[in-house]
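In the two complexes that follow, chain A is the common piece, with chain B as its partner first and chain C second.
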Partner chain A sequence: MLQLRRTLALLKGETGNQLARTGSSLPFLDSANNSSGLVLQSQSTDVYQNLALEDWIDAHVDLQQRGILLLWRNQPAVVIGRHQNPWSECNLPAMRKMGIALARRRSGGGTVFHDHGNLNLTFFASKKAYDRKRNLKVVTEALRRLRPNLDVRATDRFDILLNGHYKISGTASRLSRKSSYHHCTLLHSADRSALSTVLRPSCPGILSNATPSVPSPVANLIDHAPSLAWEELLEALVQQYNTEFGLSSVFTLVDPSSECVFPGVGNISTELRSWDWTFGRTPKFRVETLLELRDEHLPARCSAQLQMEVKGGQVESCRLDVPAGWLPLWLSRQLSDVLVGERFCPHRAAAAVTAMLRAEKGQFHSRLNNLCEAVLAMMG
Partner chain B sequence: KMAAVTRGSYIFVSRLVRRTSFRCAPCCGPVVQFKLSDIGEGIMEVTVKEWYVKEGDKVSQFDSICEVQSDKASVTITSRYDGVIKKLYYDVDATALVGKPLVDIETESKEDVVETPAMAREEHTHQEIKGHKTQATPAVRRLAIENNIKLSEVVGTGKDGRILKEDIMNFLAKQTGAILPPAPVQEIQTPGPSPPSAAAPAGRPTSPSTVVKAPPPRTTPVFTGKDVTEPVKGFHKAMVKTMTAALKIPHFGYCDEVDLSRLVALRTELKPIAESRGVKLSYMPFFIKAASLGLLHFPILNASVDEDCQNITYRASHNIGLAMDTSQGLLVPNVKNVQLLSVFEIAQELNRLQALGAAGQLGTAHLSGGTFTLSNIGSIGGTYAKPVILPPEVAIGALGKIQVLPRFGAGNQVVRAHIMNVSWSADHRVIDGATMCRFSNLWREYLENPAAMVLDLK
Partner chain C sequence: MAMRATLRCLSANFSPRLPLLSSAGRDNRAARLRWVSGTRRTFSSCSVLSTALKFTEKHEWVQVEGGIGTVGISSYAQDALGDVVYCGLPEVGQRLEQMDEFGALESVKAASELYSPLTGEVTAINTQLAENPGLVNKDCYAEGWLIKMTIEKPEEVDALMDQAAYDKFIKSLEE
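The block that comes next holds the complex of A and B.
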């Protein structure tokens, strides 16, 4: 008890908005004080830790009496919605090269790119108090107060547009049994070139019912308001949150990796990092594409048709139509055979395929090798 | 406002969930249509994205049933009843309508379906017994009352310590067990004197009937485990093919012992230098480099043969593979062109491959093109092994663990020696015993006397 008190006391940041301090040491559990809100800022820039923190708050904090505002930002990462397909939403090989992480969040909606220039806001409330329009009003009003000349408006789809055209914020939310959270992004100074490089499909020919993202032209706030500093933006948002909801909030810095303050959060972030959650939760999809094959020795080329069904991130069925003159049917069938039951992942498939290639030493080895390479390149 | 009224009573809404009809199943409780209640914000339809249950599954109250999505909001629908799922009304990706049935649940008894006014979950399921708050559904409470059981005495095994029907049944079983009398004493009578017609030897004493206490009836434990069969797929299927092809090669084995005492001392010296350059130095880089030096003298061990052993190809590059235990199983990435690399460079490359292996990111480039393989099984354990050659290679070595053993040193004194066993396998169609032996001796000499390696390093 005493240690937690000390930890939280140490974590309290100094901002101009510290209008009230609760008497008790544990603001999370102190739900008696109705007029005080709680504004948290995450000290971590690890996307999995921050998403785990959201989950933890949603599951463990009593939101019936009052809500919470969480402010956070991440190192470069692509965050896809709960029911989306990462292979069709983002460029996985490019992300691997650039060291950009991929995370799947628990809320619905589309794909976004996070980096240090993007602010995330999460509004936690009870189911009764779930009101996305009101939350977005906090953002638009704060911006209007900061820079009255900026034209920022929330749309029916809960996006925020700058000058009626550029998207500076996207929204998603999650509703559980008793609680809810609504989070949105806010582009302050994100790296737009990285954004456009990674938000492209890895894999051609994907057919699925996964939630598609709706691409929109984006802009940074600093493009239109160059003097707007990050700290200034944060302060204004916190103040507007208090104004809108009639609160006198306590502002606290939190460490989402702390098991003392958030027991069990480590398990949640481990789950969010796992392949099973990130890729394995992809809704069922089909891939139909043409593979370009070549034989360096002759030289010669040909095209092969590939059809795959992927469920739970694993290849359920695979059909390779390679012209019989190029490669004997039984060899292409063997490759299909070996791919079924493996993850739809170029590394897993590489292991299976190289093991299979060891057993095939005949004259078709190099063509089979080329076919394998083409299939793996398709997997992103 | 309609929205304000319905939003608050999402799960424990009973005003909206009207029991229009229910059919009584032949033996169990009634089947209830669980309708999709209001999500809020005036939304009338949602898309069903994922089912957590299927027909026939047992569910408890508050278990997750499915995930629906509406307009960027992801919602988890939880069950209102205990029971068995009888019917799913929608497929994945179908549009579900608010107010229409989502699933049919066969509940345990009529009690579960009783309509209660919308009140807090706590009131609905808790029963205050002597200041104890115990969670149980109405059906379970009734069962307890009928059997004169105090809920506060029952241990709940459900979610949040909820008392389930099984918990009541277990409690009952324990109670009645204590009351039953012990197994009755049985009288066993040995047969009396045999009838005169039987061929009984004369003079056999007749035994009086005896009363023997029988042991209480013993219940034989029943093993409920079941065999599980599943198809061999993917990587494992490919391994089946590889190993089948491998064992077509006539293998012969050759083993030896290597005294690594000097190498151990050398590595201890060099380890900090490598670390200062950011590289972790193990023994493997030395083993790999020594193998490459040996292959320069015995290039046939770095060859491959074709399908019918018609042609043999002497490979120019020494791409030495290292068997690596990963989460996926045994992968063999190789270090390319060892003949051009220093021990330090080999160590660097090994670090890189190990990091990729741990991250599950080894690709075809790393995994193919190997010409010779070493397996460091000793890092896990073991002394001697019988490794299987990985086609299209013709030789492989398995290294046992390094043990400290007594050996005779100079002057017939017993010294502490660091001993490691190596087990080679080679393709007997193209490699003969003498070749393998000479290669092994050369390799061993380099490792027993690392100074000799310095002479021959390129």
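The block that comes next holds the complex of A and C.
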């Protein structure tokens, strides 16, 4: 970090003096001359704070004359696109065990895994200047300058592929009233084992019109360029950004949790953390699956069919077809009724079925319990 | 599904080389819509005028009928967006102020926010778009409508652009 600061202090040069003259501690709110750009690096690794910062900049900064590049990375997190279904995109139980957060961003696109080895770049611009191809050129050119032997190319889908095969970067964007942002990931040294563990569905049998991810084989840059250091990469990207856009950028470290610098950003991150946004915004979907039930005492097993409609993350309807010989119909119907109106969430559902399980003390208790567990397991 | 490689943005330097619906094409379609709507109304001699399309600078259209505004996006907008793959729409009953974000259209280009052209309450959303988001591209003035809403402030409708003004506005963006 120290080396980066020293190196990047050189980049500040004259524009650093300009800042002193204007006396502004908020360079991004000052519409300075057009040849100066702005490169921000977030000091936070909290995915919700960083996503909130993006939305804050998009809403509050005048991007008509000048673009901004924001560099950031997060503690392990899965980030789904605006209109995606987390239950079909990622392994929620595994994420809970591993302490990996889930966030839904406001841009479109697919699901990605973030960690300290995955660099995020956000290119803010006016809608007129929105140009993903040009932004990705910043990345590919920077990489080529760093390691001329690396075969990196942007595709029509705005992925960046290494050796024509491994995805090292994915892209998503958002267009708002007057401005735009295009962000992309860049796999430097991410934990690929964690990545492949979490980027799997939680729940089988989901039928949905949510936007799906396009799975791709991935690689880290360090797999193919082992000596490439993180700081070296950042420096090269900043330099290439300046070259591509003809700028001499001011580089600033920012704290996305600062209400002084970014008034109102806390409200944005609160909303992004909320269940209502993360899960409740999931497009309506249907689950159709078979539950495998067993009775350890006999032993015996059977299959039950489950059909559920989930809207706004809540169970709108539930149908459980359990063979009548396994459990009386009225019990499986009662379970369905209890689940309707609850969040599609194993914790909430567990709380809802607890009373019902306590009430059933008879011969069916163990089978009912088994059925409840199967339903909860299905919810991720 | 043609790749619009030269496409850069939703406004301003939009390239006139791209296959936009011609002005004439848009006018004809909008005029047809007005005519069809006009013939259904029986109680007002100004029926055609009151069901004419009005436009916002964000390329949304509003058509008022029986105190309810139907909202969609214009041909210019759907072409700039590219193929719509998902329509994120509000809930029925949601109250919107003019300019409130009420959803987003996701295309290969980006997730583009939708802004409410009027103040009112959502009375219906186009549920066909769930299975067929491409209707927004194929039939943006009719089957590809997005939401219907009440009109709390009729003066907001009056302030929107009529077809002629909107066509002029588009031309000014292309220059």
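The rule we apply is simple: the second predicted complex is superposed on the first by the 354 of 380 C-alpha atoms of A that agree within 3 Å, B and C clash if a C-alpha of one lies under 4 Å from a C-alpha of the other, contacts with A are read in each partner's own complex, and residues count from 1 in each chain.
One rule holds in what follows: contacts are C-beta pairs under 8 Å (C-beta built on N, C-alpha and C of every residue); 3 or more make two chains touch, one makes a residue touch a chain.
If you're wondering where the values come from, they're calculated on a predicted model, not measured in any experiment.
Look at chain A after the overlay: chain B and chain C clash there. By the touch criterion defined above, A:H83 lies against chain B and chain C together after alignment on the C-alpha atoms of chain A.
Measured by the number of chain A residues touched, the leading partner among chain B and chain C is B.
By the touch criterion defined above, A:Y130 lies against chain B and chain C together after alignment on the C-alpha atoms of chain A. Contacts of A:E231 after superposition on the shared chain: neither chain B nor chain C is touched. Once the two complexes are laid over each other on the shared chain, residue contacts for A:T211 go to chain B and to chain C alike. For chain B, the stretch among 81-89, 243-251 or 387-395 that collides with chain C in the superposed model is 81-89.
Taken together, the two structures place residues 81-83, 106-109, 127-128, 130, 157, 172-177, 209, 211, 283-284 of chain A in contact with chain B in one case and with chain C in the other.
Considering their complex, residues 81-83, 96, 106-110, 127-128, 130, 132, 157-158, 171-178, 209, 211, 275, 283-284, 315, 334, 337-342, 345-348, 350-359, 361-362, 369, 372-373, 376 of chain A touch chain B. Taken in their complex, chain C has these residues touching chain A: 3, 8-13, 58, 85-86, 88, 91, 101, 104, 106-113, 115, 130-131, 133. Residues of chain A that touch chain C in their complex: 81-83, 106-109, 127-131, 156-157, 172-177, 180, 182, 209-211, 283-284, 312. The touching residues of chain B, counted against chain A in their complex, run 4, 7-8, 10-11, 39-41, 49-50, 62, 67, 69-76, 78, 92-93, 231, 233-235, 237-239, 241-242, 244-246, 304, 306-307, 328-329, 331, 360-364, 367-368, 390-392.
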